[in-house]
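Please see the structure below; I have some questions.
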Amino acid sequence: MLELQLLLIFMIIGAIIAVKEKDLLSSVIAVGTVGLGLSLVFLILKAPDLAIVQLVVEILVIIILIRATIRRDLPFSTSGRWFFNTLVTFVFIGVFLVFIYLYIKDLPQFGQPIMKIAQRFIAEGLRETGATNLVSSVILDYRAYDTLGEATILFTAVMGVLAVMRKVGRKK
Amino acid sequence: MSVYFLCLVLFSVGLYCILRKRNLIKIIIGIVIIEYAVHLFFILVGYRMNGRVPIHSPDQTVLDMVDPLPQALVLTAIVIGLAVTAMIAAIAMRVYEKYGTFDITKIRKLKG
Amino acid sequence: MAKNQEGMTLIVKTITRLTVGLILLFGIYIVTHGHISPGGGFAGGAIIALSFIHIMLAFGKEVTFKKMNQSVMSFFESVGAIMFITFAILGIGSGYFFLNFMLKGKPFKLFSSGLIPLYNLAICLKVGAGLFIIFVILVLLKTPKKGGEK
Amino acid sequence: MTNNILPLFIAIPLAATFLNSLIGKKVRFLSDLLSAVATFCLAYLSIYSIFLLKHSGVLVYKVGGWAPPIGISMVLDGLTSFMLVTVNLVAFLISIYSIDYMKKYTEKWIFYCLFLLMVAGMNGVIISGDVFNLYVFLEIAAVASYALVAFGTEHEELEASFKYAVMGAVASSFILLGIAFLYSISSTLNMADMSMELAKRGASPIVLLVSVFFLMGFGLKSALVPFHAWLPDAHPSAPAPISAMLSGVLIKSLGVYAMVRMFFSVLGITPQVSGAFMMLGALSMMVGVCLALGQWDLKRLLAYHSISQIGYVILGIGLGTPLGVLGGLFHLFNHSIFKSLLFLNSGAVEYAASTRDLQKMGGLKEKMPVTSGTSLIASLSIAGIPPFNGFWSKLIIIIACIQAGHFVYGLWAVLASILTLSSFMKVQRYAFLGELKEKLKDIKEVPFFMKFSMVMLAVICLIGGVLLLPVFFNDFLKVAQDTILAGQNYAGIVFESIK
């Protein structure tokens, strides 16, 4: 799985550039590379549905972020306790990663999932739902209720954006 | 194991960005990175070594497919992430319109 | 070139004219074959929305609004939502909320797996219209900013 | 089929939302009517669910006809029914209140859409029996609340909403990461099935890690003290009905309920987690009330008190003894009533006098008798003065602390209660008693619908103590308490009721 690790390292480097870059537009583009890397990783991990969706969503996120960014300033300011705060953050993240490193060994080995109910989907999915694409059969039949939630959340976002973008909020 | 760890390193890069950066767009970027890391982790735990794509084909009856359930969940989670990102970006654009800056240290109408 | 003032340059417009139909077609293919090949309602809907966004970015909003304005979009979104809920509630009639009650048909065919292609269509309408509305609100229908008021 | 009412808790608000978005724009009064009718139906159904539970035991609804480990299930048990009543009752009264209050804002139909979506999200969280489904509905409620906090689109509101949205997104990411870890070791998503798998597996470091993630995620959602920074900004900035909704029920259903459900029913409570709960609860109790003492902004003061009162709930539930759990749950119900009432009062004051600063008010008692009367009841109730409902729940929590041998926590709770009383005496003294200010000479009492919901809530405050009488107690509080105390037997109960 060398290519997977290489892609992950590429994504991490992209993310660090996105965080550290001072120009906002470059930063957004760097996030784009992370997203494209993720799309490729999905393809390697045998999830073509997700690769397509990730690619499309990536484009949309980039368009929205560029629109939010374009021709805007980037004031670069450091607060008084910059060093202290950064130190605290690094210590927190360090502790987080150490704990993850110690505890993660208890997970099932990579590449050998338990697949208790997934086995059932794979064995019976085609017969029970008639859909060849098992991911489709899961999201639209076994777990269609989640998809209702997904559609609703998009509707909520549309309503929310409409609400936030009103020019006049209160009647005078 | 190293793959899981790398994925969580990506998560902590995003976390660092949210905790330390003082720019609204940077904070949104941090959220996007965190979401990517979590989605990736979900797919990683469902991967079966040398598995096939979870789509049946007429000429094959071997059932060594990868786990389709995390893929379905992440599909939902990606849409949720998109909705949240759009919402936060809209709020950030309005904040810029009102305050004329993305710098969080200058956006201080609220005390505490 | 007086009437082509809006939008991007001629090169972009020409290429857009050539590619946008293919993108739209690809989106429709992905939606209709969602149950037998990778893809589905969400991916397809987003691709269809992107094809309209593509036109809008290249030609400016006037051209697109002639074909597709916001009220039409809201209508499509509501139709998608109501379609989805209707199928879900029809399931109650045969026993359960979200029951896939239609005949499953033969696998590997376009018309198979009961309600799943119809759900895909509903989600496609909903997602495509929803994303397009978000895009229109966020990106194009903004007032020119006054440089911020302190 | 009796359990066909379970999907209605989601379907009614969603249907009302979609209808509202189609026609609410054109026909003005319809969106008021639609939202009031929808929330009334929900309140009625939730009270009906108590009787349903009494007659037919725990109900499980198999969505799509797939039995639990395969598909998604909805579960109606004691705790669910208790939370549904709390949420939908408050939502109904607040929706009545909004009819008049929201006239100040533009585009009322969007407000109602978001409000109903929030209610749908909360009901979805409460009724869900599936971990990922819980996350999806939690996000619906959260996204709707981000938008509602910024509904006024002024400087402070947008800023508070941004802060809230960022914190909420981080919390959701932690929750989703925790779910991914759980899926990895149990390979199932159904809560009952997962609980069985985890019990079979025994104690494992991953469960500890997931506990930390969930404590952070749900702690952020319910604003426990180290994670409380967003609440005092977000809750006061929203329109008053939404402040009442956020403080009254949202932090409870998204934070406390989800946390209790995950820790008690799925992960299984351990002494460490229980200790962490008590610690966080005691800390929030004191920090919240101390920060509230120095506030002059009425709504901000109330928001700090929310942190403090959530501390009581978490302390009570964290004790893990039957009496402690009972006290925690009862205080949760009471707090949702009197905190909503206080926020509605502050909204009424803002509506009439258009100020939130306590120093600019004074003598409102003569001009606004209903508002000041109801706020007096709510203040006494939150401070724990005998006949009101707040007293009983606080008393139970303190007795439970002493019974369990945690004298320090008991004393601590009494101290926080005294500080709460002093803080609310300040509110009464400056806002409603004293001299009438010159500027406030020509204010009027608020319109009918606002008065109606305030009076209703005040009546519930006044008679809340009767819920402890055996007639009501056995069907309402006892079943919820039993659900929590059953712990990981939840799985057995759920699988039993499918057969």
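Things to note:
The letters A, B, C and D name the chains in turn, as written, and every chain counts its residues from 1.
In this section, contacts are C-beta pairs under 8 Å (C-beta built on N, C-alpha and C of every residue); 3 or more make two chains touch, one makes a residue touch a chain.
From a predicted model like this one, the values you see are computed outputs, not experimental measurements.
Set side by side, A-B and A-D show the greater C-beta contact count at A-B.
Note: centroid distance chain A to chain B, computed from Cα atoms, is 2 Å. Mean C-alpha position of chain A lies 29 Å from that of chain D. Here the spacing of chain C and chain D, counted between their Cα centres, is 37 Å.
In this assembly, the C-alpha centroid of chain B lies 23 Å from the C-alpha centroid of chain C. Residue positions 15, 45-46, 53, 55-56, 69, 73, 75-76, 79-80, 83-84, 86-87, 89-94, 96, 98-99, 101 of chain B are each in touch with at least two other chains.
Among all residues of chain A, those that touch two or more other chains are 48-49, 53, 57, 60, 64, 67-68, 100, 107-108, 113, 115, 117-118, 121, 126, 132-133, 135, 137, 139, 141, 143-150, 153-157, 160-162, 164-165, 167.
Residue positions of chain D touching 2 or more other chains: 14, 18, 21, 63-64, 132, 136, 139, 143, 146-147, 150, 153-154, 158, 161, 184, 189. Judged by the touch criterion defined above, the protein chains are all mutually in contact, each touching every other. Partner chain C is touched in their complex by these residues of chain A: 48-49, 51-53, 56-57, 59-60, 63-64, 67-68, 126, 129-133, 135-137, 139-141, 144-145, 147-148, 150-151, 154-155, 157-158, 161-162, 165, 167.
Looking at the complex, you find that chain B touches chain C at residues 53, 55-56, 58, 75, 79, 86, 89-90, 93, 96-101. Put simply, chain D touches chain C in their complex at residues 4, 7, 11, 14-15, 18, 21-22, 61-65. Residues 1, 4-5, 8-9, 11-12, 15-16, 18-19, 24, 27-28, 31, 34-35, 38, 41-42, 45-50, 53-54, 57, 60-61, 64-65, 67-69, 72-75, 77, 79, 85-86, 89-90, 92-93, 96-97, 100-101, 104-105, 107-113, 115, 117-118, 121-123, 125-126, 132-135, 137-139, 143, 146-147, 149-150, 153-154, 156-157, 160-161, 164-165 of chain A are the ones touching chain B in the complex. Taken together, the chain D residues at the contact with chain A in this complex read 10, 14, 17-18, 21, 63-64, 66, 69-72, 103-107, 110-111, 113-114, 117, 120, 124, 132-133, 136-137, 139-140, 143-144, 146-148, 150-154, 157-158, 161, 181, 184-189, 197, 204-206, 208-209, 212.
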